[in-house]
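Each structure below appears as structure tokens.
Across the two complexes that follow, chain A remains constant while its partner is chain B and subsequently chain C.
Up next, the complex of A and B:
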């Protein structure tokens, strides 16, 4: 009974939205928005039992993100994104077996790594009666890495705007030229290319709930190994598929919305993963919103993952001890507090992430000892003018 | 410091209308509100059933014409919405029900005879009208009246026009049909008062609106008592008699047009069905039932001061 009536309301909305004085599917922004966000990502240091020798400090990254979205004439918008990252710390260099036979991690470099990354991307969206088309180009540079990329996408509304179908493609060409290459016998210069395609459908179920499902394919080819690891040999091709789903529902009595997301991922390195997250967007008065978030991630290991580097196998065989290729699970929890004061908007986000092989639902024959725990804290400010 | 809203009041569609805009330039606000009032006037001129020169009168004059009458996209879209309302309400919301108005005389407070009612019902039924490919074919003796749709549509249309002219903060009120252009500065909602069906000068609820629209339907003083029975001006096209359900209902929705259609259908249903219809709609509402009991759900309604 309930569904029949709700369907009535959707049906009534469909013809109301088609009335010419009302119908205007997609609207370009009428105001400019300038945003700045500062994030600090800090991995917990390793303990002496995990890394008996050398460095214990892992990555500490500061990210500065600037964004400008501005109207461009009547039917277009301009998007400019600039990012700057500074990174310090050390990453796992190689793994070996300790005196007790358990794997231990050896972090890179006595003085660790220090790097900066700068990125600029410019894009535009053109709004049509029933949808929009957009394109962007970007460039990212750090002292050992360079990426040039572009993307094109479009979306179209159907069914009186209750259904939106979008599709897009992107391409990135990356160059890698490791520092101190000759000193540490690293590759001098390599490159890789990535091509991605996606399609997505979103459906407004009623005015309180919506659902979105998206499928993406990514094909990477070229040098996909980590040049800083003592032994890291991966295939030259990688095919990835991801299926993402999102459901949102607003609860009138609670003045809050529930967001439920699930993502499945698989690649031909042998990794499959499931990500589920739940967040509750609680409005507090007219100005504030409090958003607690909980996420569970879970992946299987790559076919060629090893938790102890084996330097005796021939280099023709694939091998990597990168913890990101191991079987593990991760839980993370956090919250955002958002204050919307009309032309100003501020947000604060804090998150704690814990990865552990014991959290994995997949088979863990070789647990990695280098799994990360991190804190992420970010502060953002938007100004509309 | 934010400027106070610029108000423009005028009379249109047989009602008191008011457009409130907040703009740093009061001259621009004035110019824009004139354009907006012009949009209301355009729709009134086109769809008024009281004007002989309206397009609606031309449509009604074409009744019985075998060739039909060519109509524009806007009229086609209004008809499609009216037909949708007819279908979703199982025939209760019917823009051809005007024939009943002619036999029910609320000033003289007389109940028509069953023969009069049967004669009127023979000319009612939106499903008897063909309207497609920009042509309408009205059978002889039938009439349509967009009165239950156009005012809400005009409110939404004016709000959209205002946004396209760059207005960010404003509220359109066309005789109690509200459409939000945008919230007040600093994201403050507009507060809308809902009149009591017993006395339009007293308020039964105050509702905060930040977006979308709000529409009301009720028997607002337009009923008569005959032999101890209350007859409202809301006529049921199935029975030919006034509906005897809720006294008044107000609905908030994403569009004033949707709110108006849902409210009208609620008024046409009997009281028990109307309450189920409202609960199941998922929309925010406030109503007064035949006992005078006021109930609301899903609205940002304010406590009223005890008086």
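Up next, the complex of A and C:
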């Protein structure tokens, strides 16, 4: 009897460990999954008060994502990711002061920008008795940018698989070769390197909830300025730290899961930020799921941010009018509708994002023009076989 | 940084406290559901990370960074 009971427990344990969403202990996939997602990302045009001259159209990007996750022998899995993006539109070139004294932005080129990005990443995970180790290599190419990268990570389960500790590192070597460099007096060719480390701890709290806390450090060195801006001079190294926390809770009576995430970020450009997001994964019968989501982000400005370019300062002084280095806040919301039909799964996601200096909880001494508003629509499909 | 260290310490202490709850493998049915995963949709997470990386100054979190792109 005891042996039968033990076998049942082992069988139940193995089943639980093999389930896809298990919060901690994991196991190799038992079947392959091929996924595809098509997304359209469309930024709102600028107004004439923000950009009195030239183009008003901003980025319009189509993204195609492919992913294959497949078992590889008894203890390994294969992961292949491929992305293709095509973009058109214009981005801020320089800022100046308008007739009313307020900052205005001038967008790049009369005909805007047209670019393509292709990326391929291949990785594998090896599953051990109490954890797993994984590695991946990747390559990304654009008309004016190339990145070659790799990553290694591992995780180990402790405390009857209630606790998981993960750690990893990645390295990326990037080359930048701006288009029309001679005509616009841009740099001809530059490079930069990024090294990133992370460690995380996941903990099962009870039968319905789990928590994860992670710390990551990233060191960037090389050419960190924007080569397409008329005046953009940034330090040639940057240290970033991010501390992320995630909480998951299942509500049995509602048949729904709550996701809560928070991240604190700081870098030595002087930028700090807080990111919070909430999503509610509501099951509707056995097939459908509706997921409303809400996100709030706010950051402080870089020490050298200016909302009006100053061309009289010496080039030895750091300066940037990039709106991404300004103090601002952003609110975004949307929903996903998911249909899971066994072998097939389809999803539709819509999202609206609004950035505004008035949404920032940090001091906004120099409000930026050209903060982004965008819509994103995605259609995804998964096939398990 | 001092504030960050204090908060981090507090979180670790909380983790140690809550780790006392024992949940057997066969009691993890709800935790094993797909909607309870840290990232239920890997492509959605990857796309969001890419968009926010290109439109905001912050990046990083619960994994190591991948390759860079000309978007930032």
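Convention: the second predicted complex is superposed on the first by the 360 of 385 C-alpha atoms of A that agree within 3 Å, B and C clash if a C-alpha of one lies under 4 Å from a C-alpha of the other, contacts with A are read in each partner's own complex, and residues count from 1 in each chain.
As a convention for this text, contacts are C-beta pairs under 8 Å (C-beta built on N, C-alpha and C of every residue); 3 or more make two chains touch, one makes a residue touch a chain.
This is a predicted model, so every value here is computed, not measured.
Look at A:252: by the touch rule set out above, it reaches both chain B and chain C. Judged by the touch definition given at the top, the superposed model places A:287 against chain B, while chain C stays out of reach.
Taking chain B and chain C in turn and counting the residues of chain A each one touches, the greater count comes from C.
In the superposed pair of complexes, A:121 makes contact with chain C only, with no contact to chain B.
Judged by the touch definition given at the top, the superposed model places A:356 against neither chain B nor chain C. Once chain A of one complex is fitted onto chain A of the other, the partner contacts of A:214 are limited to chain C, with no touch recorded for chain B. Applying the stated contact rule after C-alpha superposition, one finds that A:206 touches each of chain B and chain C.
When the shared chain is aligned, no partner comes close enough to touch A:88: not chain B, not chain C. Overlaid on A, the two complexes show chain B and chain C touching the same residues of chain A, namely 9, 12-13, 16-17, 19-22, 24, 206-208, 252.
On chain C, the positions that touch chain A within their shared complex are 1, 4, 7-8, 11-12, 15, 18-19, 21-38, 40-44, 46-47, 51-52, 55-70, 72.
For chain A in complex with chain C, the touching residues are 9, 12-13, 16-17, 19-25, 35, 37, 39, 41, 63, 65, 67, 81, 115, 117, 119, 121, 138-140, 142, 144-145, 147-149, 151, 153, 159-163, 168-170, 172, 174, 176, 192, 194, 196-198, 200-208, 210-218, 240-246, 248, 250, 252, 256-257, 263-267, 269, 271, 273, 275, 281, 283, 289, 297, 299, 302, 324-325, 330, 336, 347, 349, 353, 355, 372, 374, 376, 378, 380. Residues 1-2, 4-6, 8-9, 11-22, 24, 27, 30-31, 206-208, 252-253, 286-287, 340-342 of chain A are the ones that touch chain B when the two sit in their complex. Residues 39, 73-74, 77-78, 80-81, 83-85, 87-88, 153-154, 156-158, 160-161, 163-164, 166, 168, 185-189, 210, 253-255, 257-258, 261-262, 276-277, 280-284, 297-298 of chain B touch chain A in their complex.
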